[in-house]
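Okay, got some structures for you below.
Consider the two complexes below, in which chain A is the common component and chain B and chain C are the respective partners.
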Partner chain A sequence: MSARVFTIAALGALALIALGLVAPDWLLFTVTKAIGFGLVALGIVALMRGGLVSFGQGLYYCAGAYVSGLISNRLEVTDVAILLFAGALAGGLAAAAISPLISRYRGIFFAMLTMALSMVLYGVLAKVTAIGGSDGFNVASPSFFGWTPGVAKADYALFAAAVVAAALAAALCRLYFDSGPGLIALASRENELRVEYLGASVFTVTQRNVIVAGALAGLGGALNGFALGHIDPYFSYWTTSGEVVFIAILGGYASVIAVFGAALITELVRSFSGQYFPESWQLSLGLFLLVVIVFLPRGFGSLWAGRRGGGAREEPK
Partner chain B sequence: MKNTIDRCGFAAALAMGAAICLSGPVSAQETFKVGIVTFLSGQAAQSFGVPAWDGGKILVEKMNAGEAPAPYDKKGFGGLVIEPVVIDEAGGATTQVQEYRNLVQRENVDVVVGYVGSGDCLAVAPVAEELKQFTILYDCGTPRIFEDADYEYVFRTAAHATQDNVGLVRYLKATGVDIETYSGINQDYAWGHDSWADFKAAMGQIYPDATVTAELFPAFGAGQYGTEISALMQRRADVVHTSLWGGDLQAMILQALPRGLFQRSQVALSAGDHSLPPLGDNFPEGVIVGARGAYGFMAPKSELNDWWWKIYTDAYDVMPVQAPYRMAQALLGLKLAVERAMEANGGKKPNSEELAAAMKGSSWESPGGRIEMVNGNGHQAIQPIGFGRSMKNDDGHIVLGDIIRFPARCVNPPADMKGIEWIEAGFPEAECE
Partner chain C sequence: MDLALTIIIDGLIYASWLFIVALGLTLVFGVLRILNFAHGGLYALGSYGAAVAVSAFSGWGLGGWFSLVAMFIAALAVAVIVAPVIERGLLRFFYGKDEVLVLLITYAIFLMLEDVTKMIFGVDPYYVFEPRNLLGNVELGSLFYVGYDLALMGLALICGFGVWFGLNRTRIGKITLAVINEPEVSQAMGVNIARVYLLAFGLGVFLAALGGAFTAPLISVQPGISVSVIIVSFAVVIIGGLGSIPGAAIGALIVGLARSFAVYEFPEAEIFIIYLVMVAVLIFRPEGLFTPVKARKI
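Moving on, here comes the complex of A and B:
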């Protein structure tokens, strides 16, 4: 099972990296950013499988970006693998610290509490002028195992790193979702009481999912920080979290790949509608989201993964 | 299920197809493509973004028709038709970096003119440098852009925020306002804190004995200022400074009016001229108003300003405020830079290097006075600034009177000094006559 998943992930990553050689520069950048958002959305998918939605993933996203950005700026560590790992670690640790508090809550209370915490971080960062206050700070491009790509290759190198990170994250998530603990999460979504009677702890399940989601969001934040070259408290603003929730809903929770596709399509729709309808792009983006929700209530993933992951007979909550 | 797939596949194909068709190269060779980025939605749209693009739109139209006064009377940019591509600045710095790249790498614009938000400017400038793309920042205020970094392809055609508060304190002094105590209400983000720091530093130089009675930092977008107004009323100060803008400023003025704050203290708005048209005759009398330049009522009399005022008011039936003036000075400077670069290269459409060389250190007349690119190694503009006091004219409408303009070198630091250091050093090399 795991060998097969990793083979598919590796082949998919190689194919994308090869495609990247012929893709135009703007698309490379958009895909990199979409992967960053897709990773955060993948974390929300993990939570959604346990029946929860977080409106505050911006907290871990921002923590990952700030920690990796500050390590790069202040400690002058530039290696992309270390920085991305630091981002994921920061997100995971932040989530681990917060999880005992929020894992007791369900539904709208969970969602609003996570959002409130992310806005606390936003408020704090906006006031700390030593790291740029509300204007944020710039970060330099990372190096790749000792190799520093020139300006011409930097976009491609980061794109390749993003693809590798995404493939690894997707493969690990697939294995986790299909493992015993992952399936218990799905069961607790259906009936928490019954899961407790079976001897599993819903609290532990939720806590585990919160930490997984936090680490993924931290990884996404670190990636986007370096892709954009600029990090500011807006990373933790509630609209950032909201955007990612939309991506997760569009992707659905049946597939671990769909969220990346959903992220890319959202970015493309937003970007093109922003360009051709600069004064009403929100309307076209909203119509697009409505169309998807009406015709694909369980997300893009249900197009090909509808019968997998135990989600086939479920109705959307 | 099959049906659903078909329908969705069709919808997706349609969307992608439309996107690909629309993105194809359509520009003919004789156009000059200008990417314009400004707020079309969100909090800064009504006060800055939309008026700025209104001004840009009418100006581009007139320049394409060759109707602008000399030396801007050539059609388009040296004969090239100006083709604007407008993008909404909403969504934060991350979105703006992405949209900037799309403008440059996908739309192949020849220049990007944009950005009201300081965070957006700070984020976009290094990307512009990396892509070697000639870029004009037209409005944002933070001094950090050229004080913290050197850029080859990035220019700012408006003075940064230091002059707003230095000019304001000079105006207070010049009009003989006695100040023993002062207080401030500014938004709790970089702009508010920087403005207050500059104002306090300038007060320390010009009114060294005045003391601060209250420093208030309501949240950005707060909308309710009852508590802050109570604090300002209670700790009565001779002068109340504020850098509030947009809806926040309008809300603060409307809430402070019935409580008599404007009678009790001399209120000074460092950048509040854009609240005059929306508030109209509800605007209180006797308030000191700045515009971040010699704009609107404060603009110097010139043929160019008369023409600009006329085309703007004819098109939109409202007076131009700071944002359209700043857009106009960016586009006029760009026009001359393009034309100079074309003279130098034999009439071809100039590339980013040629444009940067032509823009660096240049100067030109704008409706708000002369713009000189002398700071930031020839990349950062300085300009004159004006202040006035709100009063009723003969028809009973609110206008600005008691107008004083300060020359650019009186309110801007010299090329080799940071804004705040220049203020704290007591304005060395300032030329105020």
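Moving on, here comes the complex of A and C:
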């Protein structure tokens, strides 16, 4: 099972990296950014499987971006692998610190509490002028195992790193989702009380999902920090979190690949909306998201997940 | 001494404004179980509507106190025009569905309203200063306040009591409460629940637009005003307990006074004091201060 998952992930990554050689720079940047958001959305999917949605993933996303950005700027560590790992670690640790508190909440209150916490971080960062205040700070492009790409190759190099990160994250999440603890989350989504009676701890499952989601958000934040070249408190603003929730909803929780597909589609819709309908890009984005939610309430992933053999099919509510 | 009085009065004024703005959100959740992200967009429409209406009335020679009537009419117009489109066109298909999914539907509506508002009213700011001059200045001890700002307290009381009375002391209000608890049984007993839902949502939209209309004289009406009120409204509603009108009033008071205190004593904290209050309340009262009792299904 794990060998097959990693093989598929590796082949997919290689294919994308090869395709990247012939893709224009603007597409490389768009895909890199989409992967950054896709990673955050993948974390939200982990929570969604347990029946929770967080409007505060911006907190970990921002923590990951700031920590990796500061390590790059202040400690002059530039290797992309170290920086991305540091971002994921920062997000995971922040989530671990907060998880005993927020794992007790459900539904709207979980969403709002996580949002409140991320807005507190936003407010604090906006006032801490030592690290840029509300303006944030710029970050230089990372190096890749000792190699520093020139301007022409920087986008492609970061794109390749993003693809590798996405493949690893997707494979690991697929394994986690299909494992015992992962399936317990699905059960707790349906009825927490019965899960408790069966002997599992819903609190522990939720806590684990919160930490997984935090690490993925931190990883996404680090990646997008370098893709954009600039990090500011807006990473933690509630609208940033809201946009990622949309991506998670579009992707659904049946397929990890669909989440990245949804991220790319959303990013492309935003890009083309901004270009062709500059005065009404929010209208275009809103309409698009509305249409998808209305017609595909379980996300794109449900389109082909339903065709897979075996397993009980979920009845529509 | 003056500082304490200033903090309290400023806090009460801000709390009144918060309550007026958040009341529609509380009502819509209380009745329809929908956390309406589009609330901010409706508030913005109310502001723009008021700006246009006051100018039109002034042009017709109906200045002075008629500008207050104009603001009221603007809010009513927004409700009558927008509420049926959103509720009958979209929301009715999602009652009883996953609450977060509906939250996202309203978020999409909010995004769309942002651009629709820009298309209709443009991006230049509107100024509506006449209403704020009507009540002159009021001297409180050694402090001076604009009468209009103090009058917001009265408006908040009227709106709050009006909604509470309407829900708890009138026939249609009791029918609405019945629909809230048991839509199927209510329908079986002859209640037209579609009409109840539309009426409740329409009232929610009216209150949002009213909040916007009466805020217009305090600000320059321009793109972006909607985002600023969504989260503070959510904070007030969450703190008070979803669907509780007295809770929303208490929530607004807490947030208003906390913010006023922060502005004078810890200015750096003003930007996030609302969220700290929200976190603090939720830590000790996981479902807000005044959560209506509801049956739990196993």
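Convention: the second predicted complex is superposed on the first by the 306 of 317 C-alpha atoms of A that agree within 3 Å, B and C clash if a C-alpha of one lies under 4 Å from a C-alpha of the other, contacts with A are read in each partner's own complex, and residues count from 1 in each chain.
In the analysis below, contacts are C-beta pairs under 8 Å (C-beta built on N, C-alpha and C of every residue); 3 or more make two chains touch, one makes a residue touch a chain.
Predicted, not measured: the structure shown is a model, and the values here were computed from it.
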Margin query: Going by the contact rule set out at the top, does A:Arg104 touch chain B (first), chain C (second), both, or neither?
Written below: second
*Look at A:Ala126 in the shared chain and tell me whether it touches chain B only, chain C only, both, or neither; answer first, second, both or neither.*
both
Should A:Glu279 be classified as contacting the first partner (chain B), the second (chain C), both, or neither? both
- Message: Let me test your reading of the model: by the given contact rule, A:Phe203 touches which partner, first (chain B), second (chain C), both or neither?
- Response: neither
With the two complexes superposed on chain A, say which partner A:Leu113 touches: chain B (first), chain C (second), both, or neither.
second
Go through the superposed model and pick first if A:Lys33 touches only chain B, second if only chain C, both, or neither.
-> first
Footprint intersection on chain A (chain B / chain C) at 126-127, 239, 279, 281-282
Counting only contacts in the complex, chain B reaches chain A at residues 1, 4-5, 7-8, 11-12, 15-16, 18-19, 22-23, 40-41, 85-88, 92-94, 97-99, 101-102, 104-107, 118-119, 122-123, 126-127, 130, 142, 144, 188-190, 193, 220
Within the complex, chain C is touched by chain A residues 53, 101, 104-105, 107-109, 111-113, 115-117, 119-120, 122-124, 126-127, 191, 193, 238-239, 242, 245-246, 249, 279-283, 285-287, 289-290, 293-294, 297, 317
Interface with chain A, chain C side, in the complex: residues 35, 90, 93, 97-101, 103-105, 107-112, 114-116, 118-119, 227, 231, 234-235, 238, 242, 268-269, 271-272, 274-276, 278-279, 282-283, 286-288, 298
Listed in rising order, chain A residues that touch chain B in their complex are 24-26, 29-30, 33, 126-127, 129, 132-136, 138, 151, 154, 224, 228-230, 232, 234-235, 237, 239-240, 265, 267-269, 271-272, 274-276, 278-279, 281-282, 288, 291-292, 295-296, 303, 306
